[in-house]
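As structure tokens, here come the structures.
Across the two complexes that follow, subunit A remains constant while its partner is subunit B and subsequently subunit C.
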Partner chain A sequence: MAAQLLLSVDGLTTSFGRGPDKVRAVADMSFDLAEGEVLAIVGESGSGKSVTMRSIMGIIPMPPGVIESGTAFFDGADLLAIDEENLRRLRGKDIAMVFQDAMTSLNPVLTVGRQITEVLEEHLGMTGKAARDRAISLLDEVGIPDAAHRIDEYPHQFSGGMRQRAMIALAIACGPRLLIADEPTTALDVTIQAQIIDLVVGLQTSHDMGIVWISHDLGVVARIAQKVIVMYAGRVVERATVEDLFDAPAHPYTIGLLASLPRLDQEPGEHLDSIPGQPPNASSLPPGCAFAPRCPLATETCRVEVPPVITVGDGHHAACHRLDEVRRREGRLPWT
Partner chain B sequence: MDVTAAAAPPLVEVRDLKMHFPITRGIVIQRRIGAVKAVDGVSFHLRRGETLGLVGESGSGKTTIGRTILRLNQPTAGEIRIDGRDIATAGQGDIRRLRPRMQMIFQDPYASLNPRLTVGTIIAEAAVHHGILKKRDRQARVGELLETVGLDPAFAQRYPHEFSGGQRQRIGIARALALSPDFIVCDEPIAALDVSIQAQVINLLKDLQGRLGLTYLFIAHDLSVVRHISDRIAVMYLGKIVEMADSRTLYHAPKHPYSQALLSAVPIPDPKVEKQRHRIMLTGDLPSPANPPKGCNFCTRCPIAEEICRREEPPLIDHGDGHQVACHFAKPDASA
Partner chain C sequence: MAMTEVTIDSPAKVAWRRFRQHRIAMVALAVLGVIVILCAFAPFFSGYDPLGLNMAAIRQPPSADHWLGTDTLGRDIWTRTLYGGRVSLVIGLAAAFLSTIIGIVLGVISGYFGKWADMVVMRITDVVMAFPPIIIMLTVAAFTGPGLVNVIFIIGGLRWPPTARLVRGQILQLRDQDFVTAARTLGLTNAIIITRHMLPHVVAPLVANITFAVSLAILTEAGLSFLGLGVPLPTPTWGNMMEAARDLRIMREEPWMWIPPAIFTLTTVLCINFVGDGLRDAFDPQQLIGEK
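Presenting the complex of A and B:
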């Protein structure tokens, strides 16, 4: 069963600043998302995962941001090339976004209900009682108790978890086909995080949305994603199905990350394997592989040449010069 | 933990500690109209060389406990003894003399280092002030401390902004070690760090504990990390300890429904494990500590709450081997 392609990004490169101060935040990023598929983009702060999705949504501040190259096709339209008017028509209707901080999306001086009826009116032409009833049923759907009354409250009257739910209700109001979730559970406590993940997974199934979920938490990714992209210093270092990525990670960075995580379901050892060094500064990236200074397998080639993307298996790719060595060592690398 | 250590008197003893923050109304004449019961009757002890993990969600009072034990807050009631000496009621002069023995490592390495001081001054300041370190020994001691935490001694001349988050956290650890403390409160020491740096800092803390015989109160919301580093764990909910046990017992046989839900909510970085896990979903949010529910604090979200839970507060009862649980329905061990 070949699902329809929903979003296709090719060669996206985004930078900030100009001249000698130019910083390339995302370099040559490509990926495809099928209808109803959940893709996770994982990476540390500064890896370019948020900038990727914000470039596609057209919400990079320009200047200083510049989209240097690339295409992002959604429903036949290149999101990086269409005018603001058409992009606005798509955003909020066919493409929606939720953020880590709900107050990024919610307006503090409008009631929660008004904000939802506003998008219903704008995109679907619903007004009056029909819009209000729809807003109540949306709040109800995202698990806000007593929605008929709480619809008239302001965001500050909601708790953190409830605000996150209200933001999700706003995002799904017009039945988007693509939902971009930028670390929406990172600031939440684990029991609330579990509720929100459950909610989004449920909505994904019932609404058949495609989701791009941005996260730094590999546990959350293991729970929700079907496919995963790992980013490091603005580039894709590995992409795979969630099973392959956790079962047989190919890139030394992915292997190192997974090895360094203490796991709740395993007896703790004395020492965690850890990746040495620090994540690189985007303004002074090494000429070759950005991970080379921290990689236990790095050679001279790694330090001078950007590694090509190599196919490891079906739908499994990694950008590394030393994949043969990783395979020879069966993924057991000499971490400190 | 060897036998002699277990038999020795505890280094830290906390008995029925209460920290209530007043809620006042009025600007000129402030009337007290209530209290936020951030910590409400907590008892525990720490043996020398041991790590006690303190877990709970935001608002559970775990950070307040850490700060109150070091007398950064004046406790409302209760006893705090460190090496037999009373901290809760000691005068400012006595506290000052005791301070070098108890130190703190903070969550945010960006906010906890003075940006205008060199790293060397930051590390040595308190030790010089307390007369532990003579000015002429300063440079040598700072260099030694930087090496201890895995940094280049030459960094002493630099300023905090030149360092990454992980390096700053190491500087914060060196500062705490400068006073040769016995006891360190680690308040979410890795929560603000990148994933690939977290394991480095955990390894460093463990290694220092082994070398210097340190005793840690390790406060964190990440249960995987707490399990990795702690000998015993206390679970907090709304200002009270609801369960306390050695780390193995708590993870394998949690008895309190809140501990069970909390553990089941933590995502595990393995999609195969995630697919098969049974999750206990809690509904709703943490109640306000200014207005806790009657009876058991957890009764509003507890999946097994009955009438008695809304009426009577369950006492913290020892179920054997120091496994303490505060629940009306906690079952005795199957083997017992």
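Presenting the complex of A and C:
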């Protein structure tokens, strides 16, 4: 696997507000993405997965947001340091983003076709009929029936799934090498979800894009990703290949997440193991491991010291003081 | 697949349909149309020269020859009212246009770019709004001297702050909308995001604002001319015709000299305001949602 590195993020820290109200949304986030690779970032709401990718895209509202430190190299350029104009040229052309809610992410007063052609115009200099034809073939490619007619419709005339397809068409219009998908299936029905996932997987293969897929749904992640990063309270807790993560999760939080998934081989009536407690408030994080208050294995060290990232195996890392204990118990934790 | 043909009207079409149901606004629009036609085609409705003196017929009350009488120099009042309307309407439209353009540009700059640009623009706005407008206008008019173009620039240059604030507020709201964020991730330029993605959303609240700006400009022109600082004589405007009423004797005993321009001003301003009300209701997004 000697694929070229596409995106390399190192030490990204993003916070909101200042002074005593400062909230650190992402702390010391690092990851690499190879060309054509699919990485999933998993975590619950507020874990910093969206903020990470929005920081890289330069769409964190500033103020109140501040990118305190870190680099994000794409194609030899640090996305966190280059000027607005150069970043603009990359966005939409080499890096594109698909959002959760296609209804609000498409402009209601412009036809779907216009929104696609303006991107083609901006980055590829296509105009008039050439741009229109390209837009129709893009809509066709993402599976919108009767694209030649629907191109002149407004977003509100599209169904939820169709809108998400239109957004994907918009994102891949200029053949990006990196696609950031921010929970693109969360707002959709399960059946439509599956279609959108299949569509993106298909496009990923045919266009050879690297994808960062943000999700809180491990089921979705298993279907699409090769590598997974699990985030908790703004920090990476575990980083692994999909196989390793599901077969041999190392961090207690990941183990808890997997245990809380419903399984088909479960006896009816058997209850799901949920992680007790609530995710911490980002403005008052515990001094040590953020997961310590909910962790059955937590010790005094966990409560006062931020755990280091420890290599568990090849490409498998976890940030936990108690990895030995997890291993001794073979991943079975006493949740009660 | 059987498809039923569904036609969706553009927002402008929907607004027009709703505007037509606004009875007062429709009547006002018709009256306004009559006034504009009378003024624009004044030569067709009057045989006199608005500047033509006639010493043989001064201070005449309304008659068959002079429908609305004559002034102290024997000029036909009806004729002067129509020609004066041309000037007043042009000033109203031009000044409102100017103040709207200034307001949009400054509002966009401060709302979209924020930070120090916002600081600078909003402080300038505060300063302009802090002075009583009529005092500044008098001062400026005293320096530049009276004249049509000067009046347009004075009114337009001082009436933009409400527009700038309105646009700024709208842009601030729009800036955080998902589709604007999405447009940025697609690498569109600021110019395109502003003009194509944001300004169309500002049009609705702005339309009503523009109509009110026109009526306010007409009134302001009348006020300035009444004080002798507007468009100088002998060119007639509704404002400087009403100046005649400063003479107490004329005001009491020869009311035909000032009542016609006063009625025209009043009617025009009222009608524009009614039309503005109608437009505001027609474009109201809250009501648009409720409609089938």
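Simple rule for what comes next: the second predicted complex is superposed on the first by the 327 of 336 C-alpha atoms of A that agree within 3 Å, B and C clash if a C-alpha of one lies under 4 Å from a C-alpha of the other, contacts with A are read in each partner's own complex, and residues count from 1 in each chain.
Going forward, contacts are C-beta pairs under 8 Å (C-beta built on N, C-alpha and C of every residue); 3 or more make two chains touch, one makes a residue touch a chain.
Computed from a predicted model, the values in this text were never measured in an experiment.
Applying the stated contact rule after C-alpha superposition, one finds that A:Gln204 touches neither subunit B nor subunit C. By the touch criterion defined above, A:Leu110 lies against subunit C but remains apart from subunit B after alignment on the C-alpha atoms of chain A. When the shared chain is aligned, subunit C comes close enough to touch A:Val119, but subunit B does not.
In the superposition on chain A, A:Arg88 makes contact with subunit C only, not with subunit B.
In the superposition on chain A, A:Met57 contacts subunit C only, with no contact to subunit B.
Shared-chain residue A:Phe99: touches subunit C; no touch with subunit B.
Applying the stated contact rule after C-alpha superposition, one finds that A:Thr14 touches neither subunit B nor subunit C. Of the two partner chains placed by the overlay, only subunit B lies in contact with A:Glu44; subunit C stays clear of it. Among subunit B and subunit C, the chain that touches a larger number of residues in subunit A is B.
Shared interface residues of subunit A, touching subunit B in one complex and subunit C in the other, do not exist.
Subunit C makes touch with subunit A in their complex at residues 6, 8, 11, 176-179, 181-189, 192, 196-197, 200-201. Taken in their complex, subunit A has these residues touching subunit B: 44-45, 159-162, 189-195, 197-198, 216-223, 225, 242-243, 246-247, 253, 256-258, 260-265, 268, 270-276, 278-279, 294.
Interface residues of subunit A, counted against subunit C in their complex, comprise 57-59, 61, 88-93, 96-97, 99, 101, 104-110, 118-119, 122-123, 153-154, 156-157, 167, 170-171.
Those residues of subunit B lying in contact with subunit A across their complex are 57-58, 164, 166-167, 194-200, 202-203, 206, 221, 223-225, 227-229, 247, 251, 261-274, 279, 281-283, 285-286.
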